[in-house]
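Two complexes follow with chain A in common, the first pairing it with chain B and the second with chain C.
== the complex of A and B ==
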């Protein structure tokens, strides 16, 4: 693949990755959040496939398909099932309101850009120049994890962070060994399965998944 | 010379075509809602009817009230002459700066808000305060999103930005351009008072913004305001089209034929955007007033991300 096609495609995948990550903060509807997460998974897969096409590495392309399949297909499917089981469809009262969290996301983007400059300067290729995008999504994911109350949106925050870590790994190293990638993916799958079971149990025991109400000990 | 003709044709096209655009949008809406509609030329008929009426000003209003419609219409006409819609060779190219254009648009809005305040009625003051709230969130977003586009050109001149987009059409699908396009589309809707930010076709809601400000105007003044609002909509839609779909715009070294082609392209693009906007409005409800800052904060963040991405991915 020539540079004139590779760089715009890579930038487009990164832009879509960033956009979906930030839009998660904008939406209140949990089903929409899960949909956005699925789109982001597809973007991540596309990103890895573009990198693979550029390097001409079949292994990387297979990894891209696997990553995309897991994050755009399997995980959203599991989360949708957890969503179906429970009644709450909306993030009613996040700790930071939506307008505020969007502005925080803007600040986080600047922080990510400032922090990743030394990394980019090591090898300034188009792929490493996109590292600030991945770091922004990482920080946004962490922010979602901290400020949202529903268990499901916290799971999405956690998975956003993981998406971002995977993206950073592929962008900086251009190819993680298959074993490592497989291990990470299995870990994630297991974590989501455990969290799904946990959410169902929480709902059965307490009638809701608002984690802030579970702070106090009761008889 | 071509530049001068182009600039004059831009102003004439915007001045004559804007009420027709408003009529087209109403017609599309009516048809989609299953009504016959009043026809595309209805806004012109309304304007003619209003212009023939006797000018009346309410008791206790001063020169601010009388001057506001003139300032609003004047600023929009200047912007229409300056912004690259048909040609990038406007003789007023030096003024076609991003900051100047935004300031001119803001000047018009502020004049109208002051006119609304000058009446001293509850509705006027409420409308003015809401308009200024929306404007305070919209202006930074316009500045940032055009700034994101200007980074790769190295100039805040709108003509230069459009010229570079004409020469390099692939730039349009870059993430910077896409983010800026979404942000600018949202603020265009907010700035022109369309659904979901404001409902242009009602006087009866407590949530109205634009209509509340102009409630006390009547006759020729009202006609001027309606005309200026329609022009504002078409100028902003035209700017959106020029920045992100700059096909057919006459650039340096173009002849008269290119100007005619540019006019045709502008009419088609703006009409298409208008139809799209009107069709979108049918399927949408107006947002609650307290949700509007959320929407605008979102578009501000998209614009900021566009600026950031123009540095990240450069």
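== the complex of A and C ==
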């Protein structure tokens, strides 16, 4: 693949990755959030495949397909199942409203851009220049964790962070060893399963999945 | 591998094999197996120490055992002395422990840990690199902590004591770690050879010495880091108390000697004046607390602080005199300190084991509840008397010899040691004299109130003699006390050679030994001789003569039995006897300003008349004043901080996540701004 094709494709994948991350803050419908997450997973897979095509590494491409399959197929499927069981369709009252969240996302993007400059300066390739995007998604994911009340939004925030970490790993290195990638993916799968069980339990105990209900458990 | 190496490796191997073996064997055979293995290990360790002290050193390097650094061992004379003492204490404690374990201490942990504890105490003085020393030190702390906790189901005080011990020992470990790690970093290597060869800037030397001094002094129970000792030593099972109080505290002295004199080659005079001052303070404070204590094992714990204080007076004087260029006197002071380490280990083992026998037989350690044991436990009483005589530093006890040598070195230092010496040395002499006097009162109290007179409680009345293994363990310790008392020349040549070689500026080969002689000990270069054996013989002749004269005089009259004069108040009850508290009351009155005792008197009059008393309640307590002034404010502040911090945690998951988020973004923003 020549650079004239590779760079726009890479930028496209990264742009979509960032956009879906920010849109998670915008939408309040939980089903839409899960859809956005699935799209982001697909973007991440595409990103890895593009990197693999550029380096001509079959291993990387397989990893891309696996990552995409897990994050665009399996995880959203699990979350949708949890959503069906609950029937709470909306993120009712986030701690920071949507407009504020989008502003914060802009600030976070700037911070991420400023912080990752030294990393980019190390090897200024097109791939490393996209690292600020991954870092922004990481911070946005953390922000989702902090401000959203529903357990499912929390899971998505957590997974956004993980997507961003995976993206950073692939962008800064020339391919993560398969063993590491397999281990990380398995971890994520287990985490989601555990969180799903927890969500169900919470609903059984409290009749809802608003995390602030857990305050009663203190001391 | 030479003889020393073979013996030392055998000792370690026996200890390390005894632990899993004790776990696997059934309960009935467990104490015997663990005790036998530890005894053999102790014997081998003591023999290795003696051969290494007499010149046959041994060193080894095991690269595969610890990651990155490997294990380095080196038995030089300084380490060998402490290995020998540890081995000897372990033998007595292990023989004793075989029978003591029947008292509910035959569990897997309680039997498997003592061999490991002994192994760690053999390893600490043999370590020849920073990492080996630290690992052995930590192993020693953890195994002793487990052993302190052995009886935690029986008494609530054990948990508290163990907590104090755990915190203090780990703070001490942190100080040693910081000091030695900084030393190794500056020296560019972590073996003791590299540390010895390194030339450090003066400020760094001071920092290394002060940090390690704090850590090692806390292990030796030196004031003001002594608060754990009088708590943890009494709460441990008695043979463990003996191991801790007679062998483990020595490691603190070893550390100070190793770092201060060996690795840093001595230092400025103020280091050693600091050591001397801390020693003097500990000697006085320890023996004062012991004099007013009424818990037998607590009393012995405070006495450990006192004796370690005396040792540090010697060490401090040695370093101070060496920094002034007087190597011969410095070597004398150091030899006296080392001899006192050996003596203290011998009599403290004996005393703690005897206290354990008393506890075993009567179920109490409270002196006010004992009494009358002389008729019921004659062997234990006789053995405790030997230990008490040694501990009170009177001839013909062994403590007397080392304290006499220490006094000689301080007195002879007077004319030569400048202004600082002219002020310090007389004060140190005064401290030693006062502590010796208080020690006599303390041990007269412990022996007289605990063992003589009539039993004060049913528990003491039902007491019976301990099983033979326990007597055997005590007898071994008593025998070593007697040998050290009558023939200190059995150990002194080795110790004075070690002292002469350890004093900085002594050169190679080291100067003449400071004390020599077989029966009569002579100081080299100064007037002063002492002959413990002749003193003992003269004392024995005098006592026998006196007894003979009394017998001769008394037997001329006919013997008649009459009732004891009791002021007409009817038969005297045991409640009228002196108790430990009442015996110490005059002392407590004299030192009222220092001790600040608390007493509480409740008088309840009868309903009919305010002048007729129905009941009187008296409660007295002597809190540790240093603990109250120094530790209580810190603990209270930590508690208040903890309570204030609970306001941060209101239970909201979002808030906790937000803390992380804010911290992360703050760090990132700071990075973005700085870079």
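Here is the rule we use: the second predicted complex is superposed on the first by the 216 of 219 C-alpha atoms of A that agree within 3 Å, B and C clash if a C-alpha of one lies under 4 Å from a C-alpha of the other, contacts with A are read in each partner's own complex, and residues count from 1 in each chain.
Keep this in mind: a residue touches a chain if its C-beta (ideal position, glycine included) is under 8 Å from a C-beta of that chain, and two chains touch if they have at least 3 such contacts.
On a predicted model such as this, the values are computed, not experimentally measured, just so you know.
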Combined model on chain A: chain C and chain B, fit or clash: fit
Touching partner for A:205 - first (chain B), second (chain C), both, neither: neither
Contacts of A:58 with chain B and chain C, given as first, second, both or neither: neither
Partner chain(s) touched by A:84 [first = chain B, second = chain C, both, neither]: neither
Inter-chain angle, chain B to chain C through the CA centre of chain A, in degrees rounded to a multiple of 10: 140
First (chain B), second (chain C), both or neither touched by A:99: first
Which of chain B and chain C A:133 touches, first, second, both or neither: first
Touching partner for A:111 - first (chain B), second (chain C), both, neither: second
Closest approach of chain C to chain B (Cα atoms, Å): 15
Residues of chain A defined as touching chain B within the complex: 8, 11-12, 14-16, 18-19, 22, 26, 97-100, 102-103, 105-106, 109-110, 113, 126, 129-130, 132-133, 136
Chain C residues touching chain A - in the complex, by the definition given at the top: 649-654, 657-658, 660-661, 664-665, 668-669, 671-672, 675
Contacting residues of chain B [partner chain A, same complex]: 170, 173-176, 178-179, 293-294, 297-298, 300-302, 304-305, 308-309, 311-314
Interfacial residue positions of chain A with respect to chain C in the complex: 95, 108, 111-112, 114-115, 117-118, 139, 142-143, 145-147, 149, 211-212, 214-219
